[in-house]
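In the two assemblies presented below, chain A is common to both, partnered first by chain B and then by chain C.
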Partner chain A sequence: MILLQVIVSGLLMGSVYALFSSGLTLIWGMMNVVNFAHGDFVMLAMYVAFFAFTLLKVGPLLFVPLAAALLFMLGVVVYLGLVRHVVRGPPLAQILGTFGLALVLRYAAFWAFTANFVSLPDNLVGGTFDIGGLRIEASRLLGGVLALVITIGMHLILTRTALGSRLLAVSEDRSAAMLMGIRPDRMQAIAWGFGAASTGIAGALIALFFYISPTVGESLALVAFVVVCLGGFGSVPGALIAGLAIGVIEALSGYLIGAVYKDVLVYSLFLIVLWVRPRGLMGTS
Partner chain B sequence: MKHWPIALAGFVAIAAWPLLVHDVFLQRVGALVLLAAISASAWNLIGGYAGQVSVGHSIYFGIGAYAALTLYTELGWPPIAGAPIGMVVSMLIAVVIGTPTFRLRGHYFSMATIAAAELARILASNWPLVGAAVGLMGPPRPRSVADLSFISPVPYHYLFLAALVALLGLTWAMQRSRMGYYLAAIRGGDRAASSLGVPVLRYKLYALLLSAAFTSLAGSLYAVMVGFIDPESALGILISVKMVIVAALGGAGTLFGPLVGAIILVPLEETTNALYGGSGTGITFIIYGAIIVFVARFQPGGIAEIWRKLTERRPTRVS
Partner chain C sequence: MSLLSVRNLSVRYGDLVGVSDVSLEVPEGGVVALLGSNGAGKTTTLNAIAGLVPTAGGSVTWQGADITGRPAFAVVGLGLALSPEGWRLFVQQTVEQNLRLGATVLADRKRLPVLLDRVFTLFPRLAERRRQRAGTLSGGERQMLAMGRALMSDPKLLMLDEPSLGLAPAVVETMYETLGRLRGEGLTLLLAEQAVELALEVADYAYVLQTGRTVLDGTAAKLADDEDVRRIYLGLETE
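This part shows the complex of A and B:
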């Protein structure tokens, strides 16, 4: 029974992992750029949620969309101001660009919000459910289910709408897309917006039940890399499955072999996947 | 070597620095500049010359630092005796990490190096032999000269200078050898290089071995000078990031780029730390981050590229 409990909480956490990782995989698959600041975007969204609650006294119903909107804007600005230019440069410039951004965001947060951990009150989203002996906190349930729905929604937008087709067209062949009257720059800015908005929603949702600190993004970024590599670069369904799997693996290893070694297991898994099957479980080429 | 008079003047200035300034803070900054230049120049071999951007070089730095102090705490040896052992262990680890990872291109390689280094940091934080999360202390007071424990930074300055000169000499020779051209080809593109007959994997590994050995040496020297290490100060991701930033600002893949980067960044870091104390670390990394964002956005070749453009002979106009 405890094992089942652990698996369920792993799945709920995993679905939030899946959400922000699908944002990373979208950007990555589309323009072959890794956003090393992805975890720090999540961190910013967590602070947006925290300050929206403490200063503006608004609940998750408002601060989740607020975080999504703010991070969408941040993503577009980062694309237009930085990424658009560094993708034309050498590989070192691409890595330095988003890595430098990560440092600036992380340490600016450190400076502005101090290193102290903060968190939202436990009872922000009412109590705990008891389903057939399983005890599930409402905040985790809300976060997990909402993240799952939005990840699936993102996949549907990418595969079933005209906008999704345009995004796909740009990632397949930039110049052909231009000949079809699609503006690659605008599409890539939108992709960055969506990618960042996914961290906005995910961050605001994790903030409901997770501690908030300036350096929290570091480990979350590594989780996102693991998920994206495991799921295949550019694949949202891959990210979903891999995200859930990582959530469960983390929870199980935390329970069975101790919390310290769950990161060891996840990072080792990451290296093994990179070495054995670099295109991921569901990736192509 | 078109600009050897400038290089010579620079060398003389660096060698004379601790004799010119009498302030201990400035002498210390001088030694730290050289130390940062050693690790960034070592990174430069694989990250700059071979173009394989490792963001996990802290693993080799940490091995060197831990080798030095573990030998002292466990066997009572002078810490510097750990340097060669750390270099050998680092090269072995480099083979283990490099062999599978070099098949990956670009970002994948960078991410694999981050994961490997984080793995090492977590393991060291939980391994009692190396002091776990608390870390290790060097000899509290020198037992003999072999402990290399000095109050003045000046002896360290010359120790580091010797190591840096050796490393840059080796890099210079490498640059002019067959290997230098192979690495330049690899940097231009794996596929093109291998289609020209360059044994890509083998030469990437050679570059990483050299790089790992000297990064490890830098780690040992750091442990010898500071006399205290913990997982964050020896294996933290910021150690790796600093090497990349120092090299990239000066000019990745150039002989003197990392040294120039260190001359600019280390005094900046030490000054903010001195001015703001503990919170200075935060401000330092905001500035570091901003600098590399600007380098990436406007001048990916670093200062070396600006220098090259300034000194390049303009083509004579044919009328």
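This part shows the complex of A and C:
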């Protein structure tokens, strides 16, 4: 029973991992750029949730969409102001561009919010459900289920709508997309917006049950990179499966061999998968 | 007045000269062929007209307006569609998605089903394969899809880059029958083609390109009958 409990909480956490990792994989899939600031986007979203609650007294019903909207705008601005220019440079410029942005955001957060850990009150989404002996906190259930729904929604937007088709067209063949009358710059700005909005929603959801600090994005970014490599670069379904898997593996190894060592297991497994199947579970070569 | 007129066009790729001096006229309702060997500059000329590559000199005029240097996504909206060299299909997407992408610039979305029907009538094979990924199509089907996709923008002028390249003779025949039908519907065509005899059959006027210059032009009938032209410029054996 305890094992099942551990697996369920792993799945709930994993679904949030899947959400912000889909954003990273979308950006990569669109333009082969790694967003090293992705974890720091999540961090900013967590602060948006925190300040929306403490200053504006609004709950998750409002601060989740608010974080999504603000981060969408941030994504668009980052693309137009930074990424669009550095992609014309050498590969190192691209890496340092978003890496530099990560540092700027992180230390700006130190400056603005101080290094103190803060958190939202435990009872913001109150209560614990008891489902057949399984005890699940309401905040984690909300976070996990909502993240899952939005990740699937993102996949449906990409595969079933005209907008998704245009986004994919730009990533497949930029020149051919232009011949269709599609403006690649506009599509890439939208992809950055969606990618960042996914961190907005995920960050606001994690903030419900996780501490908030300027460096919290570091470990989350690492998770996102592992999920994207494991799931296959550019694949949202891959990110979903890999995100859930990482969540469960993390929870299980934390329970079985101790929280301190769980990362060792997660990253060893990651290295093994990369060794056996470098394109990831659902990636195309 | 010509629908499209290109004057002294030149295109450079870095230090390389793509084309140095190309001039041509495409009258409304006409079928114009751009002939020449591999590397003569046919593809570069079409790409420059479509706005895919920047021009270094000269001008492109469309319905009396100077459109030189406009980006490709703006050009297609004016009514010039290009079916590019190598088809450049979106191979991860379905046949229908490719066709719908072709209609991106369509201002009147109600026209989309009408145009889709038109393409499926021209190419029944595409209708059969509409849910299949473009990457699973055969060469002939890919050419049909590239052409259909270009037609989905409801263009006044359709530019085709090597519609016969790499296709089986029977498929090429069907392709040219279709071009004949489109011509009958009043569509203006500009086609770059290495298959000279076929091109001269369907075209009414032709330009010959050699090392990036238009060196010769004339009615298709005249070029097809002139023995010297056939031998020197078109590389055709004379009987």
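The rule is short, and it goes like this: the second predicted complex is superposed on the first by the 285 of 285 C-alpha atoms of A that agree within 3 Å, B and C clash if a C-alpha of one lies under 4 Å from a C-alpha of the other, contacts with A are read in each partner's own complex, and residues count from 1 in each chain.
The definition used in the following text is that a residue touches a chain if its C-beta (ideal position, glycine included) is under 8 Å from a C-beta of that chain, and two chains touch if they have at least 3 such contacts.
The model shown is predicted, which means the values in this text are computed figures rather than measured ones.
> Pick one for A:Asp122: touches chain B only (first), chain C only (second), both, or neither.
A:Asp122 contacts neither chain B nor chain C.
> Could you tell me if A:Arg166 is touching chain B, chain C, both of them or neither one (first, second, both, neither)?
Second partner only.
> Answer with first, second, both or neither: which of chain B and chain C does A:Phe225 touch in the superposed model?
A:Phe225 contacts chain B only, not chain C.
> Let me test your reading of the model: by the given contact rule, A:Ala93 touches which partner, first (chain B), second (chain C), both or neither?
Only chain B; A:Ala93 stays clear of chain C.
> Quick check for you: in the superposed arrangement, does A:Met180 touch first (chain B), second (chain C), both or neither?
After superposing on A, A:Met180 lies in contact with chain C but is clear of chain B.
> Of chain B and chain C, which one touches more of chain A's residues?
Larger number of chain A residues touched: B.
> Taking the complex as given, what residues does chain C use to touch chain A?
50-52, 71-74, 76-77, 81-82, 84, 88-93, 97, 100-102, 104-105, 149-150, 153
> Where on chain B is chain A touching in the complex?
It is residues 47, 51, 53, 55, 100-101, 103-104, 106-108, 110-112, 114-116, 118-119, 122-123, 126, 237, 241, 244-245, 248, 252, 279, 281-286, 288-293, 295-297, 300 of chain B that touch chain A.
> Provide the residue numbers of chain A that touch chain B in the complex, in ascending order.
Interface residues on chain A, with respect to chain B: 32-34, 82, 85-86, 89-97, 99-108, 110-111, 218, 222, 225-226, 229, 260, 263-264, 267-268, 270-271, 274-275, 278.
> Can you tell me which positions in chain A touch chain C when the two form their complex?
162, 165-166, 168-169, 172-173, 175-184
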